[in-house]
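In what comes next, chain A is part of two complexes: it sits with chain B in the first one and with chain C in the second one.
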Partner chain A sequence: MALPAPLRASVTPTELELIASEQLVEIVPLVAMERTAFISGAYGPLRPPSKCKVPIWMATNLKLKKKCRIVPPDWLNVEFLEERLVQETTGESFSEMPFRFAEVAKVLIDTAPDDFPNPDKIRSLLKDIREARQAKSREGLSKLDHSELSLPNLCSMEINEIRPFFIRAMGVLIDIIKDAQPQQDIA
Partner chain B sequence: MVYLPPPHLASADRPSYAEAYAKILASHRRSPATSASSVIMLVAPDVDALCAARMLADLFKQDDVMHRIIPVSGHAELERMREELVTYNDLHTLILLNMGSILDLPSAEWFGDFSTRLTVHVIDSSRPQNLSSVFGGGENGERIVIWDDGGAELLQEERKAWEALTYEPEPDSDEDSDLDSEHDPEEDEDEEEEEEYEGSSSTGKRRSIGDGNHGRKKRQKDERPHRMSRDERERHAARLEKYYTSGTWHGQSASGTIYILATVLERVDNELLWLAILGLTFQYVTSRISREDYDKYHSIYYDEVARLNPPPPAAGANDYDFKSQHPDDTSVYAVDELRFMMFRHWNLYDAMYHSSYIASKLGIWKERGRKRLTGLLAKMGFSLLDTQQPYPHMAKDLKLSLRHKLDQIAPEYGLVELSYPSFTRCYGYRSQPLSACDAVEAISALLDVATGVRMEVEIEGARNGGEWFGNGKVWEGGRESRRRDDERENIPPGGIAPAAKPKNTANGDVHEDADEDDPESQWRVKNFWTAFDALDDIVQLREALPLAMSLHRAIIRQGSSIIDKRDIRTLRGHRVVVLTQGPDLALFAHPGVLGRLALWLADALRDRLAGTTPAHARSRRKSLPLVVACLNEHAGTYVVVGVTAALDFGEVRKNEFGLAFLDAKERCNARTRHGTFDTSVLEINKDDLKVFLETLCEGGDR
Partner chain C sequence: MEDDYYSIDSILAENQKIQCTFKVSVPDMGHLDGGNERDIKAQSKVQVPLWMAYILIYSDYADFTIPTSFSARVRSALNAEPRSVRLSNLVGQGGMWYGFGRMIMHLLNDDAAKEMSDLLVKTFRGRLPEVIDQAQHFASIHASTADSGVGGGALGGDHAAMAFREGLDGTERELFALTQASTRSTKRWYEASDRGRRS
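And now, the complex of A and B:
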């Protein structure tokens, strides 16, 4: 792919979005559909007005054609995010967030802002959380050593961000340790 | 054949828009040979058709119907397109937007020879409609579907006349019985068609015609063959003549029609509503519909806006400048719009100077008139410096008091109808809210002059308290778009001649056409797509506003100089203006721009010239017929535009120039060409102009 060099080492955010779109989300369909087989599995039947779980890619497709309404996942609302933000800014370690929260939130809020009660507040809360976690992961990287890097509760986009760096860094550290050891053996 | 009544007149056996749409979907889904060319939309180059195309494209996209949009700029191109379309095997739906209602579509010349799977839908706001398309029956006629706005209901008399003339064979004075038998097969056919007719209709009138014919036929087998006296025939023919020759006018906008379709399908949303509003505003701003019609449709849209949008914030009740409430705010608000030309993007003085309404009342082409304008502004409490400031930078208290003061003080100067109800749309935090008339101005400027002519555009801030440093830049909008690959790939070794310089040594019209059309149609198509993209993209739309402003400036410059130099000749009741020189001649060779100049002149001169009855007019009502001709030096032709303005502001008259032009052309054998769908615009060879104008103005003596 014709990406700049730093991005070629890892997965791109859009690919992550694609992977995250396999997750199921609940919708309120406005049209009826039988249980249909797709490549990834069979979904449906869609019987308005009862809710149904479908993959996010299908939900966004239907939403763009105005054939459904998306029900926000239970973690994507102002109260939950505010609570998490408080935890994030007061605690030392990362708070628990759904693994692919960044991608799912982006896709859902961009396609269906009218289905959320307070979309701009949610957007600003998400940004705050991301910045707090970013600060923590920068700190955590300084504790990098040659054998392990333990950052519990890190989410997929963040892992993807630091992956190129810490892979190379760990490689260099391992080389340094290997060089240091034979000298010790000899001595 | 079928003309579709609007949904409120539909009934079980009179299908309406929704059924026609469902049929399009069904034939798309069911036909095995469906491809991207199965549904084709031919779109005329005006803002209303553009909005309608966008709305229909959105509806199709939501229904997963693959479609193609093809811009068509005039009759000649439509004919060429038709030739091409004959070769498409998988075409089953053709939609014509704002074109074709005057054409006899079931005839062999147009779509009579196409395969029977093809259905042609005509969504056109121009009237009169061709009666054989509207009423033509039989298998051939069934394929032509005209989406009507209720106007065809009023054409019952014309319907009878048309049917009488079409279905009755020529009256024969012979009494031979073998003529009887010869006539029989024809009669049978006629009867079959009429029976089909009766089956699909439910009005008593039609049944009675059928029965009448039946009865007459029986009688007629005993008697002579001719059923109608010559008088009757003549009466019918006269009735049809009257219908066709009373001039051209406009009915419901195409985008309004599609909005009604969306309402019936229950799929309306703010986007569709906004586009329908743009179509309506376009019709009003270009004097295609009268103020009454505008108010009628406006009230419908007003209710829709109230239904689909949150009410405007109470704090903003006095402030006519709405602000977006939050970043996703794309709501539409109803607000009264002043008649100044784009006043929110210009400074106040310029906006008032360029508005044709004020131009006429104050006479701004003279120095005296300009002084009156500044006097008016001064009385309202705006100093000269204030009025030269761009509107967004104007002091807040001045903005708030503007409307109020205008209501108080403007009537002294004779400016009474300064505002009309209209709409504004918010675009979140991406841009300031944009009003409907500004959007229409921007899009029509893009359609006319985005490419093809060199336009200079003013950079904001280059003025300072009345002094202008002359920093303009050349408009590059059309070329910046991503279609640069057209220009890269097909460059012949000598380089392409730019659009404005067609070959010079053309002799005869045909040669000129072939050479001129390619660069001409190229820039027309480019303009079309630039405008189409801008409908969605607020950034492009805002960038087009300076283009619209410089277009207006050119029009005012030319218009004022015409009036100043008293260049308007009166030939037997017609006012004629011929432009042969001037800085903007290349610009005015475009029919769209020339049309706008004509409208501006008509508005400006409304109160100053007495109304006249043009020589060829049918009615005795006085109106203001104006003919403007502009020389296209490169092509060696004149572009001529005829406008029939009403005497009162806010009314429209039927435009009789279409027929007058055709008449005059035949009588003086001029070499002419109709470049657009508007019959009141034509291109005529340079040498024939004088003779043509004279024959035009003598038109009354027949």
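And now, the complex of A and C:
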């Protein structure tokens, strides 16, 4: 195969970010624009100062041209994340987060830190949550089984990170467990 | 490690010698043992490659003994502490200990095969978290030194960790590399700033 080994099993984080950028986010436009058709759909019209839903790629583009303010999603604030962090550190299972929260949070906070009340606090909370969740997926590793893996509420970036070696390890287990698959005749 | 004819891993795993005791005399085949004898006599012990052993064993020309990679000593060491055994020493650098074990397992009958499988699984499970931990640890060291422009001088870790890394077999090395690559790319993404790329 022509692809380097790490790219065969998984997509790259940047590709996930691209996918996540199709999600809609609320903005407060600072310029007026008629409803406009894009390849992924028609968005607008933008009528300041009323809110409007556009994809993240469009919101970040407008934001960088200072043509809108981004309204943070309802899960991307200090109170919500603090509550989730407590759940994450006390409970056994993964707490429920939006599936692409890592990508969305990073893109929004990186491009529009001035639209968040406390961006540094949010960043450090996200980092804490990520580390707590990593510790749990590591735990899952020791319970690895050849036929199934159940880690509910794992989000896309985390799945992507562990996918290559989890599937390889499960593949090895299938090979070395007797009768995991129908016995093949070698001779 | 699968039985695919074209699988390189499978070919590498077969590249191990196994001691066979011939039950019959084979004329003109003495060169297999590398000796000067012209014939292989019955009851003589010959080291043959695993890929050749199959046909000898299945055709009932020879019996085999469990290779030293899976001897009682190795087994009890693995039972005591899977992480302290150097698998790479047992099969040679880059060898496939699990693949070799799996092929031996297929040659054995039910009970012995079950025992072999249990040994392999227990060892793999016992070593896996350590393999992944170290790979992730190394990925983060490399990512941060690469960013700051410092070479890989800060590597090393303590002695036990290094010994463990050297003892990884081919399959574990592959896992190590996979983990390192994915952890590194994820970490890089988390640390990179977005603004420059978009504006």
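The rule is simple: the second predicted complex is superposed on the first by the 168 of 187 C-alpha atoms of A that agree within 3 Å, B and C clash if a C-alpha of one lies under 4 Å from a C-alpha of the other, contacts with A are read in each partner's own complex, and residues count from 1 in each chain.
Simple rule for what comes next: a contact is a pair of C-beta atoms (placed from the backbone, for glycine too) under 8 Å apart; a residue touches a chain by one contact, two chains touch by 3 or more.
Note that the structure is a prediction, hence the values are computed from the model and not measured.
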{"item": "More chain A residues in contact - chain B or chain C", "value": "C"}
{"item": "Chain B versus chain C as contact partner of A:10, first or second or both or neither", "value": "second"}
{"item": "Contacts of A:42 with chain B and chain C, given as first, second, both or neither", "value": "neither"}
{"item": "First (chain B), second (chain C), both or neither touched by A:66", "value": "first"}
{"item": "Residues on chain A lying within both footprints (that of chain B and that of chain C)", "value": "64"}
{"item": "Chain C contact footprint on chain A (complex, rising order)", "value": "5-6, 9-10, 12-14, 17, 60-61, 64, 102, 106-107, 110-111, 130, 138, 141-142, 144, 157, 160-165, 168-169, 171-173, 175-178, 183-184, 186-187"}
{"item": "Residues of chain B that touch chain A when the two form their complex", "value": "61-64, 267, 269, 326-328"}
{"item": "Chain B-facing residues of chain A, complex", "value": "64-67, 113-114, 119-120"}
{"item": "Contact set on chain C toward chain A in their complex", "value": "1-3, 54-55, 58, 98-99, 101-103, 105-106, 113-114, 116-117, 120-121, 124-125, 128-129, 132-133, 135, 171, 174-175, 177-179, 181-183, 185-186, 188-190, 193-195, 198-199"}
